[in-house]
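There are two complexes below, and they share subunit A, which is joined by subunit B in the first and by subunit C in the second.
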Partner chain A sequence: MKFNIFRAPDGVEGGAPAGPPVIAAPPVVHSSGPVGPTKIAARDVSVFYNGKQALYDVSLDIPDKTVTALIGPSGCGKSTFLRTMNRMNDTIPGAKVIGRIEIDGEDINAKAVDPVLLRARVGMVFQKPNPFPKTIFENVAYGPRIHGLATSKSELESVVEASLKRAGLWEEVADRLHSPGTGLSGGQQQRLVIARAIAVEPEVILMDEPCSALDPIATAKIEELIDELRERYCIVIVTHSMAQAARVSQRTSFFHLGRLIETGDTEDIFTNPRERRTLDYITGRFG
Partner chain B sequence: MTDATVTPAIRAERLRAGLKRRYAREGRFRLYGLLAIGVAVGFLLLLLGRIIEQGHTAFYTHTVTVPVYMDPARVDRAYPQGTNFELLVAEQQLARLGVVDDAQSSKATEMRGLFSSELKFASAARIQNNPNLIGQTVPIAAPVSDDADLYFKGEVSRATPADQRRLSDEQIAWLDRMKASGLVTAHFNSGLFTRGDSTEPELAGVLGAVVGSALMLLVTAFVAIPLGVGAALYLEEFAPRGRITDLIEVNINNLAAVPSIIYGLLGLALFINWMHLPRASPLVGGLVLALMALPTIIIATRSSLKAVPPSIREAALAMGASKTQTVFHHTLPLAMPGVMTGAIISMAHALGETAPLLLIGMVSFIPGIPHSFGEPTGALPSLIYIWENASERAFHERTAAAILVLLAFMIVMNAAAIFLRRRFERRW
Partner chain C sequence: MNQHTVKAYGDELNQLTAEVARMGGLAEAQVADAVDSVARRDVALARAVVDRDTKLDAMHRDIERKAIRLIALRQPVASDLRRALASMKLAVDLERTGDLAKNIAKRGLILAEGEPMPPLTRSIERMGKLVSMRLRDVLDAYAAAEIDGAIAVWSTDDEVDEHYNALFRELLTYMMGDPRTITAGTHLLFMAKNLERIGDHATNIAETIYYEITGQEFTGERPRWNPDPTLEPTDDTDPTPDPTKPA
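Up next is the complex of A and B:
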């Protein structure tokens, strides 16, 4: 299989609803106070993998300078939705995205938008820390380098330093910038990957279960970091941990069987869910 | 359910018995493994031992230094090459040993048979360089003939019945006397490494074949590696999946199994008959071997590309690297050790390949040492083939020596490639 390793994100195989047909009801939207201007607007986004529908008509506004959590049981389409926002689904053969996604009002699936440039604006952090098998410095410098953002060595060095500082990793690696990034601990690797993502000054950072491979202490550090990064970026995080969603996010969207069920302020969703399925999920009755 | 009858004691007993069987099975399996390795190593040692035993004598040889009186009546001053130095030397040697020749000069003929033809060329060269030597006695050094060399190495002895050896009793007696008088010296056979092929074993060397093989492999490496890696990269990373790609994949796998002589035929038809490239040249040989090496390199490269963790590709793509950047910055460097391994294996294979060379004219007697890619040349495996078929007995030890040279060539080449691979190796 070509790019067989680029398999569809988790749960896609069983992504199509197998249970009783879900009536396509519009998601419950909590009326919420202003969090920030809308950064990303998704309208009727559906995703198909080899003809199988994994995401059904999702419409969602994601505010800027806010952490938006996508929660839901495995295979609910939250990772799939995340990947539509930087067009990573393009790299999966047989994947088809329909609907409209706008960032700052611009349709990212338009022909004129180059996915390469889009991904410079929308960074992504994966479930498993995936630093390049290069030095710490080279890892962070990679983005600025390929996008031609730093013109001199000193400029590059300062970008690397600033990114590592913002990712809270500088103190730990300042004396070994030229040792391999793969030699760091899991939590450090994940922060390195975040530093790598923010080195190109993206506007949006997508995080796909960034802490699921980490221990609680490393998780706490990443969560702290996410909270700090919120001030500069629009962050969308997919998480399996309800507690994490509650801790780091201001907005939460609940997905189930490929549909967006409920969305609103995190506090509202967790204290006052209006949908039965949301309540069942956040109280641990399924998922 | 019959669970009720299984008491804990019976369960424990069953577990123990099962465990015992399991360990026994594991022990047997290890033994089979050791046996397999033992047999393989045994055969290897046997093979190497046999070759070394046969070939080691080729690495030294004997030279005779004879004082030659440059008889003004016999030596042609204007054209020394035309002088029959062999007869001159033979007669002088006979005279020194006090042997009286018969009317047919049969003794002189026998005496001539003890020296290699190098004696004549060396003498002529001396006169050519300095005609004033005519009339003087000049010591001339030259290899002894192959038969004499074998006698000195103890491979022919007086005990052998006279009709089964190429040296007569008299010749043996002369050789003994020459050796006793200190004219014959044993030394390292440097000629084996500095000369091209020759019909006379004592003057035959492997240099022409070594250079030919090296030039050929250069062509192979420069054609097959970039082409193979490029094809594999395209097929693995860029080509759309589908019937056509599958068909290509199946065909590449089949090509890897095509007998090499078929590639020789293809080379003959394509490169020599159609493109009119010079026959038996390193260029044609290298191209044929490159065709043969391509499938192996493609298969090895593809499988090592497949083995690169997907997370690295995703990371690069998510950073906004283009597909080409992802491939060349990340995937290919990580796959490099595997690519190098494939290249090493196919190059080593190409080095030892003989069958395709048969068809493009490389198994013919080519005494020269090639200086370019277009000259006719031999190659080590074809030289081994030629020498093995030669009737002179002295070629037998040289065949084994040539095999050792081929093995050494392969070891040097592989060591260099492995050194390179180490430098590419990175962990992730």
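Up next is the complex of A and C:
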């Protein structure tokens, strides 16, 4: 019996096109269900590092109260794109961002926007937990204090408690709020950092590989936390773990070589992606 | 399609597909041989069909075990996941097909002890050829990941039903005419029913192939044989005509 060893959806209606990828093609956007209203709208966003282009004309609507996962191989531009959403690229010498990014219809790159205030609205969690070398309490209280979100000591205490509770850490640290944050385990530190981010009442939380330094149990706790936070915030997560993207997100965007290739409902992306490059990536065929 | 970065993963998927194709080849041969043994009153061939069925059962278990292992260890997604699941579904259809072929062969052994009934066994042979052909076509479509072939088989299931209906009437006429043929006629009737069921498994296989390749369910309306064209088609998948009603 003659045998076709690569059973690809080539030539099938709705399947991926055969042949070399058309680099300049617009991204495939699809959705099978309703998503929240758009929180962040990126239009033709390109990023250059010292004149070298790292991100090409990315346009993407990110819905509110939804977890959006950005996936793609290393160097695909997903972290670069994430960092444009709270102007973290401003801090990198030689970085230039063009295009427009709006949060609730407001251009975040406008002159009138204070990046410090922007970063309070758009919190960020990094790959390695980075608590301040202060107590657990002070880590969380720092933001509300400098942004004047609490007028009294008792108010500050209640903000700290609420944030730690929302980050699922309160029960583990309630009796040692004044010990150093750096003495916690990696997973606890990451939840402490999340508590610190949500203490300033952000609208958006950006996460750049928040679990890659954690063990599976700590990872599961963070993922459970992300699922709970989704009810209140717009969450964008960059992850190298496709299983994690599949578990925590409702929308997934696939980046490759600095371009947005495909974006859609996570379920669709992981069951029946429309783009060949997406399929190759999620099934482990890249190369 | 590109190769998997982890080569062993791709090899395992290909091996799974190859084993299903191999199992399909055996099931196809079982059906053809069973029908042949009835037509030629070949007792040795009928016994061989009965004995070979355990091989199909073993292949079914093996494919299931390999697919489960692959899902557990490789966590396939998208087209790879559909491929693993399709192999399990196809193995079930092929195993049932083998059981039905075995049943035909067993009835053939009983028929071989009585008087030959050439016109009736010829009708069974014709229907058997049609069903074997459909099984072969759908398995070819699977091996070649050929969606048109699968759709072609899917959309012509009514041919089998028509054959079955014609055989049903033919057998009824015989049995009414000569009650001594009732035992043999009943066995032949069950054989026809088994062949009709095998045809349904071929249709199932076509649907599974469609899903495996496209990721979509096949949603077309399947043509169904209608015992009385003046009646609305029913959802009843059993094409057995009602003998109390005039044809």
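Rule of thumb we're sticking to: the second predicted complex is superposed on the first by the 262 of 287 C-alpha atoms of A that agree within 3 Å, B and C clash if a C-alpha of one lies under 4 Å from a C-alpha of the other, contacts with A are read in each partner's own complex, and residues count from 1 in each chain.
We adopt the following convention: a contact is a pair of C-beta atoms (placed from the backbone, for glycine too) under 8 Å apart; a residue touches a chain by one contact, two chains touch by 3 or more.
Keep in mind that what you see is a predicted model, and the values were worked out from it rather than measured.
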{"item": "Touched partner set for A:167, first subunit B, second subunit C, both or neither", "value": "neither"}
{"item": "Touching partner for A:197 - first (subunit B), second (subunit C), both, neither", "value": "first"}
{"item": "First (subunit B), second (subunit C), both or neither touched by A:225", "value": "neither"}
{"item": "A:42 touches, of subunit B and subunit C: first, second, both or neither?", "value": "neither"}
{"item": "First (subunit B), second (subunit C), both or neither touched by A:147", "value": "first"}
{"item": "Touched partner set for A:93, first subunit B, second subunit C, both or neither", "value": "first"}
{"item": "Contacts of A:207 with subunit B and subunit C, given as first, second, both or neither", "value": "neither"}
{"item": "Subunit A positions touched by subunit B in one structure and by subunit C in the second", "value": "1-7"}
{"item": "Residue ranges of subunit A in contact with subunit B within the complex", "value": "1-7, 86, 88, 91, 93, 116-120, 123-124, 126, 128, 130-133, 142-143, 146-147, 180, 182, 193, 196-197, 200"}
{"item": "Interface residues, subunit A side, partner subunit C - complex", "value": "1-10, 12-15, 242-243, 246, 270-273, 279-280, 282-287"}
{"item": "Contact set on subunit C toward subunit A in their complex", "value": "1-6, 9-10, 14, 17-18, 21, 25, 75-81, 83, 140, 143-145, 147, 212-216"}
{"item": "Sites on subunit B touched by subunit A in the complex", "value": "236, 239-241, 245, 306, 309-322, 325, 329-330, 334, 426-428"}
